[in-house]
Amino acid sequence: MTLVLFVAFAAVLIGCSLMTILHRNPVTSALFLVLAFCSLAGLYLLLHAEFLAMVQVIVYAGAIMVLFLFVIMYLNLKRDVEHGLQFALRRGAGWLLGALLLAEAALLVGRRWSGGPVTQTAEALPAIGNTQALGQVLYTRYLFPFEITSIVLLVAMIGAVVIAQGRGPKVGATEKPNS
Amino acid sequence: MAETFPWLSWLIFFPLVSAALIALLPARAERTIRLWATLASVAELAFALPLWWRLIPGHPGWQFAEHRSWLPGLGSSYSLGADGISVPLVLLTVILTAVAIVGAYNAVEKRPREFYALLLALESAMIGTFFARDLLLFYVFWEAMLVPMYLLIGVWGGPRRVYAAIKFFIYTMAGSVLMLVAILWLYFLNRSVTGESTFALDAFYRLPIAPATQVWLFLAFALAFAIKVPMFPFHTWLPDAHVEAPTAGSVILAAILLKMGTYGFIRFAMPLFPVASAQLTPWIVGLALIGIVYGALVAMVQPDLKKLVAYSSVSHLGFVMLGLYALNAQGMAGAMLQMLNHGISTGALFLLVGVIYERRHTRLIADFGGLWKPLPVFASVFLVILLSSVGLPGTNGFVGEFLVLLGAFRTNVWWAVIAGTGVILSAIYMLWMFQRVMFGPVKHPENERLSDLSMRERLVFAPLLLLVFWLGVQPQPLLDRMQPALDRTLALVRERTAVSERMAETQEPLPQTKEPMLVVPARGIR
Amino acid sequence: MPLLWIIPALPLLAVALNLLIGDRLGRRGTAVLAVGSVGLSFAAAVRAVMALAARPEHERAITETAYTWMRVGDFSADVAFLLDPLSAVMALVVTGVGFLIHVYSTGYMAHDAGYRRFFLYLNLFMFSMLTLVLADNFLLLFVGWEGVGLCSYLLIGFWYTRPSAVEAGKKAFIVNRIGDYGFILGMLTLFAWGGSLQFERLFAAAPHVFAVGSAVITAATLLLFLGATGKSAQLPLYTWLPDAMEGPTPVSALIHAATMVTAGVYMVARCHVLFDLAPAALQTVAVVGAATALFAGTIGLAQNDIKRVLAYSTVSQLGYMFFACGVGGYGAGVFHLMTHAFFKALLFLGAGSVIHALSDEQDLRRMGGLARRLPWTHGTMLIATLAIAGIPPFAGFFSKDEILHAAFASGHYGVWIAGLLGASLTAFYMFRLYVLAFRGASRLTPEAEHHLHESPPSMIAPLVVLAGLSVVGGWIGPPMMEGGHWLARWLRPVFETGTHGHEAAHHVSRGVEWTLILLSVAAAAVGIYAAFRYYLQRPELSTRLREQYAALHALFSNKYWVDELYDAVVVAPIHRGSLRLWRFWDEKIVDGTVNGVGYVFEGASAVLRLFQTGFVGTYAWFFTLGVVLLVAQLVRR
Amino acid sequence: MTAALDTIPLAWTLGLSAIVFVIGVVGVLVRRNALVIFMSIELMLNAANLAFVAFARSLGSLDGQVFVFFVMTVAAAEVAIGLAIIVNVYRLKETVYVDEINLLKG
Amino acid sequence: MNAMVPPPLIAADWWALGPTIALSAGVLLLLLLEFVPSRPNSSRAALVSLLALVASVIAILRVRDVKRSLFEGMFVHDGFTVFFTLLFCGITALAILQSWDYLKRTRLHRAEYYPLLLSATLGMIVMAASSDLITIFLGLELMSLALYVLVGFRRSQLESSEASLKYFLLGAFASGFLLYGIALLYGATGTTQLARIAQFLGDSAALKSPLVLAGGLLLLVGFAFKVAAVPFHMWTPDAYEGAPTTVTGYMSAGAKAAGFAALLRIVIVALDGVQADWRPILTWMAILTMTVGNVTALLQTNLKRMLAYSSIAHAGYVLVALVAGGTDGASAALFYLAVYSLMNLGAFGLLALLGRQGEERVLISDLAGLGFRQPLLAIAMTVFMLSLGGIPPTAGFMGKVYVFGVAVKAGLIPLVVVGVLNSVVSIFYYLRVTVAMYMHEAHGEPVEVAWAIPSTIAVLIALALTLYWGVQAQGLLNEAQRSVLGLL
């Protein structure tokens, strides 16, 4: 059952991811990305990361992607035009590298890995990923990174304000590029 | 040798401090600037001259030695020392710097303050190079010389000065960086053998080095020095640099900077790596011989006076290299003398060219002719210097040249046979030039009313002429002072050759050690 | 002690004084200083020689060491002087003739702007020449050797505004340098094998270290001889001497006739110990000498410049001296050197007097009939001409006869015939000169005619003295004296050291000796007769002769095209080659490589900049490529 | 790899994550729209997250999940700034196509 | 395990955390101060920032010889941390002094600048001070996010925004790889703590596990991006050129040092066992980085861009030290980074002085004729350029000696030869700066130089130290060596 679900989610994930990068219309891309994230949340569930699955849907698929869509709409973007030799070449080159990367990964994964904690399979520790436990470590062991994260968010805030602030006072608007 | 006063340090840093003080003077006060610069250089000369008498004759080792901790963690120390090899060269340096400074009074029209400050700074670096007894310290001075010289050429030079300055800088540096690698290699080699972290030259003199290793180290050192010398085919920076440099720059460049290369051979490359040096002798001597003939031939057809002198330097320095590689008393002494001679005569030649350049703003031989008539004193001085450069007996040039030839002849007859043609060729290119510049009717009317040497200019040339004859007639006091140090170098070469040849043919170039490069006293960790 | 160093030091002192205070001395003061110093030097030389003569024969060598010049390892050279019979002869000739010529010059140069400079050079020359002559080792000799070369250079180019003079000076110096190259190598060889450059020590050691005829000594002596050919204008390095006539005439007399050019002969004589060890070298000396004597004589036939004729005659006479040495007759060589100094100096000074009188006219074709107008000059010139032609009892006869005798007696018959032929030629062209200048009708330009005057006493007096010497100078060496003549006896301590192989051969019978004398006088007489016949009695004959043998005449008057040959074979190719070496090899190849490295880097820079497209996509692509390559490292493993 | 049928083999999850990651990479390489490129980067981050979760699961440790939590936070911050930048560029240049934004090059 | 309560902090720990606390407090204070009105061109913010830095320095110096590991290694306090904290504080202080007047002059004087600068510094300190991949990642993101914004700070200028966009997109792209690398490493070893990774690698045969190696490689990619190593360097010139000059200086010094700090700690503490696998890769990376950086710089006309390529090349030199490995290499890298930061900041600080209000005059030709009109600027610039080129007697020379020395010691002669030859190539473009200043005359209106007291102080400090460390580097050498002993 789990496996079937896994395969299903995986298929959706891959498909949506592909559509995200293939579709010419950014809005559609974004929507496919939302779908991909949702299926990822599903996978998280299967992997017993319930809290993460929830956050994935709420934060990622919800907040973040809405922001994306908002911007796309705000900028009033149309379908991307990407014909011509130049783009064909770029696509070819891009896919080539992608394929190479994947092939290398496959070769690596295909090898026999020796030792390591990877082989300690998870049966012994079922269902550990509950929200409570997560919260507990977050405020004890991970106190320091947690605080750092707060500053990261603060910086994001300041940064967004600096850059995206409305026309407001013309900051150096009279300058002429001179280089 | 209980020297309490750090004399050598004083000699090194006095010009630097003077330079700094001059740099602080107001730019307008040109007279004051000249006066200070002159006083500084003359004072430096006065400080340095006693070296001549106080150098203990017959003493082969370091004298007036100084030793101070510098980078204890690396094992590099601020250690200086003088001997019969460095003292004459330092004296040459201080004399020619003073001469160049006085000689440049009129030539430097723009920014004399910076000019003189740089010249004095350069003097510091040069003296430091000659006195350094620690390889890292030596390298610091060696590279530090580049900057002031580069600026002197680049700022006060001729039309293609930027090209010449950059070429000078990069070419020279390209050679010396490999030497740095070799110095580091030597350092670790020494550490792996003796366990001692040091850059001290004396320590390396005691270090046995396997022949195979020597070759690489020698090549790295030799390249740096060969470019500086300059040996054929690494000489092409020289004509460019000389032509573009201001007179004082050319003087210093020719008289002193080129000697750094040959000094490097005699002080470092040959005694440190005698086996490699011996193995590569055919190549080096071959290049030296080519340089002698080639430099002379190319000098012959130069239309520009400075270029002619520049190529003649290639030829003369070939003699020096030949003398060194004769590896016998006469050759070495001849080479040393020839270094000084070339400094004096070529320095003076550049000054002379500067004198007419100041008056006519051209250096093309074709623009002159018949100068003897308006400028008899100038022409006479020129003639004497030229004859010294040609190696006429009675002048300094002959003694050095003959000793070099003698040394070379005793090592290999054919070396002397080939080098001897330089004697003919130098006469040809010099006299032909002289003829075209000084003799014949005055071809260009603007040459008719040139003024002859002024009192100041005569004063500039007087010491050089004195040296020309003094060293030509009575070189023995100088030879006596150099001999012990040269003998020591020769003995070192023989001894180290013997030691190295006893070593196994192959040695692991660098045995790896676990201890860190830096030896640092630990601080208490709580 | 006779204070030998004083002899060269006096002229040097004069040089120094001239340099320092010459501008305050005026012409008279300069002249007094210059002439006086040489006169004193002559006096000092006389005094020293007398001191030498007072010694017993085998102690006649005085060495005086001033100081150590250089000592490096086992090599050392001192500034030391040696006075022995040989250097005594030379010193006397040099100072004596030199003094006379100095006196002459005060008159000859009286109106020249470079008066002071002239005497400066001349004194410097005296110093160098005396150093050369009195040196007790090769190195110091070389100082003088090069010093006289320098003075010769300066004096030939004395009138430096004349391009031809300057060119001639340079040529002299450079050709001499070629000889010096040989000289230096010769010295090096001698030191490397002989262990010393000091004459006494080297000559004492030579028979022990050098096997007779060994390659080393042959090479060494040949190299030294190369030096001598340069200095003494022998084949193949003689070309500079005729050109050297561009200098003022006293210079030609002093340097290019009497003293400097004989330095080579002196040197060979000085080194006779070495040359005796190398028969092949000696043979070369003889052949080169004889060939030069003949060769220069033929050129002399066809020259029209009075000084050039004399110059070729000098070359020719020097050839005689060399072949004398070459056949072992060192004494004869030195003898001829001495007499030649007298009469050739006289000839030049006389020619100078003529030129002076004719307002610098040197072309024989524009002279003639001067005998009456310039009686003193004419008289002294005639004596000198007779002397050089070898007519007894003039000086030249005795020395030339001794040379020919030595050649014949030592069995060098070919050389002897050449010498005889040469004697005849000499007589011919010298009398041709005499006839053209002094006899016949005047062919003067009107302007020259106008200014024509006999020279002042300061010029005539030396002529007279020299004429006297040209007459009596040879009498110290009459032939057929028992035990050798006076000069030979005087020189014996010098020449009897070393091997004695050639002494025996000198003894030929009286009859033969008389025959030889007659033959040589007859040869001279034939020459003289021909000269008178062709140039005085039947001048048209000479024209016809010239037309008949046009090719030969062209050959002679163009000096065998040797200058042109040297120019085409040596000078021009070197010049062209050097230009190519510079323009192509140095600038294009060597420097091109250096700059090429720079261009390569600049090119690489330009290429690398192309990758920096400014597109994020490109950047990301290369980024990913990097990742792919890095991971590939893992996969490969 | 494991007997339990309802346990997803680690290799599968990892493979999936690798595929999604590469898709993200390819997206960055082939697209010209800055927003889509940014979305592709988000795909990459999520692929990494998936790997974390998978490892956390197989290791039985929470650290991986905590890591993912932090990554999400950071990603949110990144999106805030990134979108601001893109919007700003659009305001100045009227384009979001990265191949039209190459004032700086060489 | 999850219920574990961390051990309480002792007093020394608080001092050790001092910089992080002081900087965070500084950021907040600066933001709060915005509510208090001030004069338009007030220097208040700069002063407050400097105070925060001074407080940090004082705090960390009090416990400089203490070694503590806090939060299970997420924050460690050892010599390494102290060294880099001081370095970052120094860099930031210089950058603030340089920005002081520059911001006003270029009308960039906005409240957010200094908080962002301090946040970036905080991020750097966290990167250097953490021995856990989580905090390293967070520190890196903190630093990067702040820098993205700072680069685009001249937001009305397309160059600046473009630079920001490129930096951001590629930075995020690189973060993806970095993150994936961390994931792999975590998966392979079961932990993100460097010490435990080392432990795991030490006592298991997993050393050669492709997961470890691949994870390590992706980690390397992430940091190589930050330090601008080839082929992950391509953002550098664009970002450097577009950013405000003071920011360029700051990031060229700080971001690079931080990237290397984290990389060094990871390499030394965690991945020491896989040294051999890394060495060829790092070697090639070092060679490429030096060569591409230097060669591409040759033809640049814009100084900022040229210095960007030069900074790429310098990353290559530091990589040489990394290849040499061990404490030797690390200590050399530390030394070099300190020296490099100093001279690079000095150079950019001088560039920031050029031009009137709002102009950016950073073409090499803009410097023409400055040599004698602005002696201090020209001398300082010359010294920095020579130092960058490694000419004695400047600090850059000692740096090269040390770096190449450890490489020679490790037997890497060919690499060293490439390195020194590269420094010859580099001197060509460094000299071009002096050529412009001293050997060319200005065409048209000469560039104006806006001296102000803070920037002058910054120049003088950098100049003095560059020269001082050139002639007497023993103190810094000692610190560099001590700092790498006994990393936590």
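For the reader, a short list of remarks on this structure follows.
Letters A, B, C, D and E name the chains as they come in the text, with residue numbers starting at 1 for each one.
FYI, a residue touches a chain if its C-beta (ideal position, glycine included) is under 8 Å from a C-beta of that chain, and two chains touch if they have at least 3 such contacts.
Just so we're clear, the structure is a prediction, and the values are computed from it rather than from any experiment.
Chains that touch both chain B and chain C are the following: E. Interface comparison, A-E against A-C: more C-beta pairs in contact at A-E.
Separating the centre of chain B from that of chain E, both taken as means of CA atoms, is a distance of 42 Å.
Rounded to whole angstrom, the centroid-to-centroid distance between chain A and chain D, based on C-alpha atoms, equals 4 Å. Centre to centre, using the average C-alpha position, chain A and chain B are separated by 67 Å. Chain C and chain D have centres, each the mean of its CA atoms, that are 98 Å apart. Chain contacts: chain A has residues 90, 93-94, 97, 101, 105, 108-109, 117-118, 133, 137, 142, 145, 149, 152, 155-156, 159, 163, 177 touching two or more partner chains. The multi-chain contact residues of chain D, meaning those touching 2 or more other chains, are 14, 24-25, 28-29, 32, 34, 37-38, 54-55, 58-59, 62, 66, 70, 74, 77-78, 81, 85-86, 88, 98, 101-106.
Here, these are the chain pairs in contact: A-C, A-D, A-E, B-C, B-E, C-D, C-E, D-E. By the touch criterion stated above, chain C contacts chain A in their complex at residues 617, 621, 624-625, 627-628, 631-632, 634-635. Residue ranges of chain A in contact with chain E, taken from their complex: 108-109, 111, 113-118, 133, 136-137, 140-145, 147-149, 151-152, 154-156, 158-159, 161-163, 170-179. Chain contact summary for the complex, chain E toward chain B: residues 65-67, 326-328, 331-332, 371-372, 386, 391-393, 397, 400-402, 404-406, 408-411, 413, 416-417, 420-421, 423-424, 427-428, 431, 434-435, 438-440, 472-474, 477-478, 480-482, 485-486. By the touch criterion given at the top, residues 14, 17, 21, 24-25, 28, 34, 37-38, 41, 44-45, 47-48, 51-52, 54-55, 58-59, 61-64, 66-67, 70-71, 74, 77-78, 81-82, 85-86, 88-89, 92-93, 98, 101-106 of chain D touch chain E in their complex. For chain A in complex with chain D, the residues that touch the partner chain are 1-3, 6, 10, 13-14, 17-18, 20-21, 26, 29-30, 33, 36-37, 40, 43-44, 46-49, 51-52, 55-56, 59-60, 63-64, 67-68, 71-72, 74-75, 77, 80, 82, 87, 90-91, 93-95, 97-98, 101-102, 105, 109, 117-118, 120-125, 128-129, 133-134, 137-138, 142, 145, 149, 152-153, 155-157, 159-160, 163-164, 177.
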